[in-house]
C-alpha cells in the first residue's frame, strides 16, 4: 500500500463522493463545494501519476504537477464566479434555488434587448 | 518515431495560427484597461482583422493540402504544446469569425456606451466577453494538446456564462448558474479523462496519443468520462436542461453566439476525440449510443419546440434538436467505408449551416422582441408586413433547419441521409425525416401568424442595417448549400483515415 | 550527547501529543463554546510549543530551526486572534450557544 | 508496515472522513468549515506525494482563498437554507445517484490501480531541457518555459473571472468599489492581526516568489500569500478595495498576462518562435514575467473574493 496507490484510491473515492454531492444536494453552494471535491480528486489523480513517473533525478514528473497548479487556480476562479452568481441570485430573489420558475423565458411585457 | 518528425515540421503559415489567438487575447486585455467606448472600438477593429486571418489560414491550408502545425515555445510535443489546423478547424475558424463579427455589428445599438457616461457596465462587459468567446473558440479549434483544450474550455465557459445574465434579471441569474454548474461538471470530467490518458501514455498531444493508444480499460473509461463531460457542455439530450433558459435569456447578440458557436466548441472536441485521438478504438457501440442520444434529442427537442409560447425559447429548443443531427455522423463517418467521407462532410456542413442559420434566427428574434416589446408567438400577428427583412431572414434560417432544397441544411442532411441509406442504418434516416417534419412544424407555427396581413403596432421600427446583418447570415446559410465539391475535399484535410491509418 | 537530545525529543513530543489529546477531549466534553475555546487554545498552543521544542534539535541547520519557531509564533498569533473573534461572536449570539 | 505507511493510512482515512462530512453535513456553514480543514489535510497528502509546489498552492489557493470565499458565502446564505429544505431529492433519485457514483468510483479505482507503475513520464525530456532555461525548479520551468501557453491562458481566465464577477453588479454601482468601506476606527483584535501580520507576510510572499526559480515556490504561491495579506487588511477594514474604474487596479489586473503575451510575441523576433526565449536570456526573462504574474495574482484573488462593486461611485 504505497502512498501513490493510497492517494489513487482516495482520488477515486473523492470523485465519486463529489459527484454524489453534486447530483443530490439541491443547494447551489453545496454543489460548488462538491465540484471542488471532484476537482481535488482529479488533481490527486494527476499527483499519483506524477509520483509514479519519477525519473531522471526528479522525485516526480513535473509536467502533471504543473497542470495541477494551473488546474487549482482555474478551479478557484470557477468557484469565485459561481459564488458571486449565487450571492447575486440571493440578493435579487431572497431565495437560492435552481428550480426554474414559471416563465423561464424573458418576461412577457419587458422589451428584451 | 517517423510520426513525430512528420507531424511536427512547423509549416510556413504556422505564425498565422498564433495570430488568430493573439489578436482576441490582446483585445481582451486592451479593452479592460482602456475601457469605456474604446472596448467597442477595439472589438470592431479586431473582428474584420480576425476574419482576414481565418480566411488566410483556410487559403494556406487549401494550398498546402496538409494540416498546418506550429510548436509553441520552440518545443515539439510531447513536452511543448502544438497548434494544429486541419480542414474542420479552418472552416470553424472562418465561421466563428464571421458569426462573431455579425453579432458584434448587430449589438452596436444595444451595447453602445450611452452619452455623458465614460463607461457603463453592460457595454464594457459585453465587448470583453464577446472577444473572450472568440479567443476561446479559436484556441479550441487550433489546440493540439488535451490539457490546453481544457483551459480553453474553461475560458469559453467563463466568457459565455456572464453573457447569459448580462441584463441581471432574476431568471437569467438562475439560468446562468445552472449553465455554469453543468459546464463545470463537464470540464472536470473531461480533465479526469485526460488525466487517465496521461497516466497510461505519458503525453496529452493528440497526434502522439493517436499513435500510442490501443483498446484497454483505462482508455475506455477515459473516453467515456471525457465524452460524458463534453456532452454536458454540448447539451445533448439527457444533459440539455440548462440550454433553453440560458440561450433564451441572453441578449440577442449573445444568444446568437451561444447557440451558433459556443455549443459547437465541445462538439468539435468530441469529434477531435473520437476521430483524431481514438481512431484505432473499435467505435461501433460508442457511436451507436451517441447517435441514439442524437435521435432522442432531435425528436424530444422538436416536440418541445412545438409547445413553446415564446419565440426565443422555441429557437433555443430547436438548437437542442439540431444538435442531435450532429451526432448522427458518428456511426456513419467512422470506419473505412465508401460512405464515410459523405457522412463526415454532412456532419461538418450541418455544423456550419446550423451556426449561420441559428445566428440569423436569434438576431431576427431579437429584432422582433425589441420592435414589438414582447416575443409571445401567439401575438406575432402581422409582424411580417411590418418587418419584411427580419421575418424573411428568420424564414431563410428556418429553411435551413427544415432541410428544404435550396439551403445548406438540405445539403448536409441529404449527405447524412445518403450515407445512412448506403450504410443500411436506416433508423437514422427515419429520425432525420421526422426531425425535418418537426422543424417544419415549429417554423410554420411562427411564420403563419407573422405573415398574416393584419396591421401591427411597432413600438420602434428596426434599423435597416441590423436587419441586413441577420439577412446576410441567413443568405450565407443558404449559399453554403451550393458549395462546390472542392469544398467537401477541403473538409477532408487532416481527417484521420480510421483503423490505424495516419495522414 | 545525541542520546540525551533523542530522549529530550521523545519526551517533548509525547508531552505535546498528550496536550493535544487533552485539548481535543476538552473540545468534546465541555458544555459551552467559551470553555471549549479555553481548552483548545491553551492545550493546543502548549502542545505545539512542546512539539516544536522536541523537533528543534533534529533540524539540520539553524535556518530550519528559525523557520520552525516562526511557524509556532505565527500559529500563536492566528490562534489567539481567531479565539478572540469566536468568543466575541459566541457572547454576542446569546448565553447558550 | 513502517511508521510512514501508518501515517499515510491515517491521513487517507482522515481526508475521506472530512470529505464525507463536507458532503453530508446538514448545515452549509458546517460543511464549509469541514472543507477548509479538508483542504489543509490535502496539502499534507500532496507533501507525501513529493509535490511541495502543489502542496503550497493547495494550501494557499485551494483551501485558503477558496475557504474565505465559501465561508463568506455560507455566512450570508444561512437564512436561505430553510427555503431549500423542501427540495431534497426523492428516495429513488438518491438511490440511482449513489449507484452511479459507486460505479464511477469503482471503475476509476480499478483503472487507477491498473495504470503502469513506472508510469510513462516526461521527466527525462524536462530534465534535458531544464538546463536551457537556467532554472532549478522543474515545475516553474514547465509552467513558464515549456507549457507557457497554458499558464498565460490561465492568467487570462483569472482576468475574465474578474470581469465576469464585476458584470454581476447592478448598473448604478458601476464605477464604485467592491467590498466593505474602510472603518473610521477599526479596533478589533482582527485589526491588530492585520497590522502585525502583513509585513511578515509580504516578506514571505516575495521570498517564495523569488525562491521559486530553484526551490518549491513561484508566482502562484507567492502571489497567493500577498493576496492573503491584502485580504486580511480589507477584512479588518483597515483598507478598502479600489473602485472598479481605477486605472491602476486594471493595469495591475492585466499586468501578468500582458507582459507574458508581449514577451511571447517578442520571442518570434528574438528567439525561435512564439513563447520561445532567446538562448542566454531565459532566466532573467522568466523572472521578469513571474514578477508581473505575482503582482497580477496578488491583485486578482482579493478582487474575486471582494465580489462585484457594491457602493456608488464617488463623482
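As written, the chains take the letters A, B, C and D, and residue 1 is the first residue of each chain.
Heads up, the rule we're going with is that a residue touches a chain if its C-beta (ideal position, glycine included) is under 8 Å from a C-beta of that chain, and two chains touch if they have at least 3 such contacts.
Not measured: the values here are computed from a predicted model.
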item	value
Any chain that touches chain D and chain C	none
Centroid-based (C-alpha) most distant chain relative to chain A	C
Computed distance of Cα centres, chain D from chain A, in Å	13
Inter-centroid spacing, chain C versus chain A (mean Cα positions, whole Å)	33
Chain centre separation (chain B, chain C; CA means) in Å	57
Multi-chain contact sites of chain A, meaning residues that touch two or more partners	15, 32, 45, 49, 52-53, 63, 67, 70, 74-75, 77-78, 81, 85-86, 88, 97, 99
For chain B, residues that touch 2 or more chains besides their own	79, 147, 151, 154, 158, 161-162, 165, 168, 173, 192, 196, 199, 202
Touch relationships between chains, expressed as pairs	A-B, A-D, B-D, C-D
Of chain D, residues touching chain A in the complex	4-5, 8-9, 12, 15-16, 19-20, 22-23, 28, 31-32, 35, 38-39, 42, 45-46, 48-51, 53-54, 57-58, 61-62, 65-66, 69-70, 72-74, 76-77, 80-81, 83-84, 87-89, 93-94, 97-98, 100-102, 104-106, 108-109, 112-113, 115-124, 126-128, 138-139, 141-143, 146-147, 150-151, 154, 157-158, 161, 164-165, 168, 220, 301, 304-305, 307-308
Of chain B, residues touching chain A in the complex	79, 110, 147, 150-151, 154, 157-158, 161-162, 165, 167-171, 173-178, 180-181, 184-185, 188, 191-192, 195-196, 198-199, 202, 244-245, 248-249, 251-252, 308, 310, 312-313, 366, 369-370, 373-376, 459
Residues on chain D engaged by chain B in the complex (per definition of touch)	107-108, 110-112, 114-116, 119-122, 125-126, 129, 145-150, 153-154, 156-157, 159-161, 163-164, 166-171, 174-175, 245, 247, 250-251, 253-254, 257-258, 261, 264-265, 267-268, 271-276
Chain D partner contacts - residues on chain A that touch it in the complex	1, 3-21, 23-27, 29-30, 32-34, 36-37, 40, 43-45, 47-63, 65-70, 72-81, 83-88, 90, 94-97, 99
Touching residues (chain side chain D, partner chain C) in the complex	188-190, 192-193, 196-197, 200
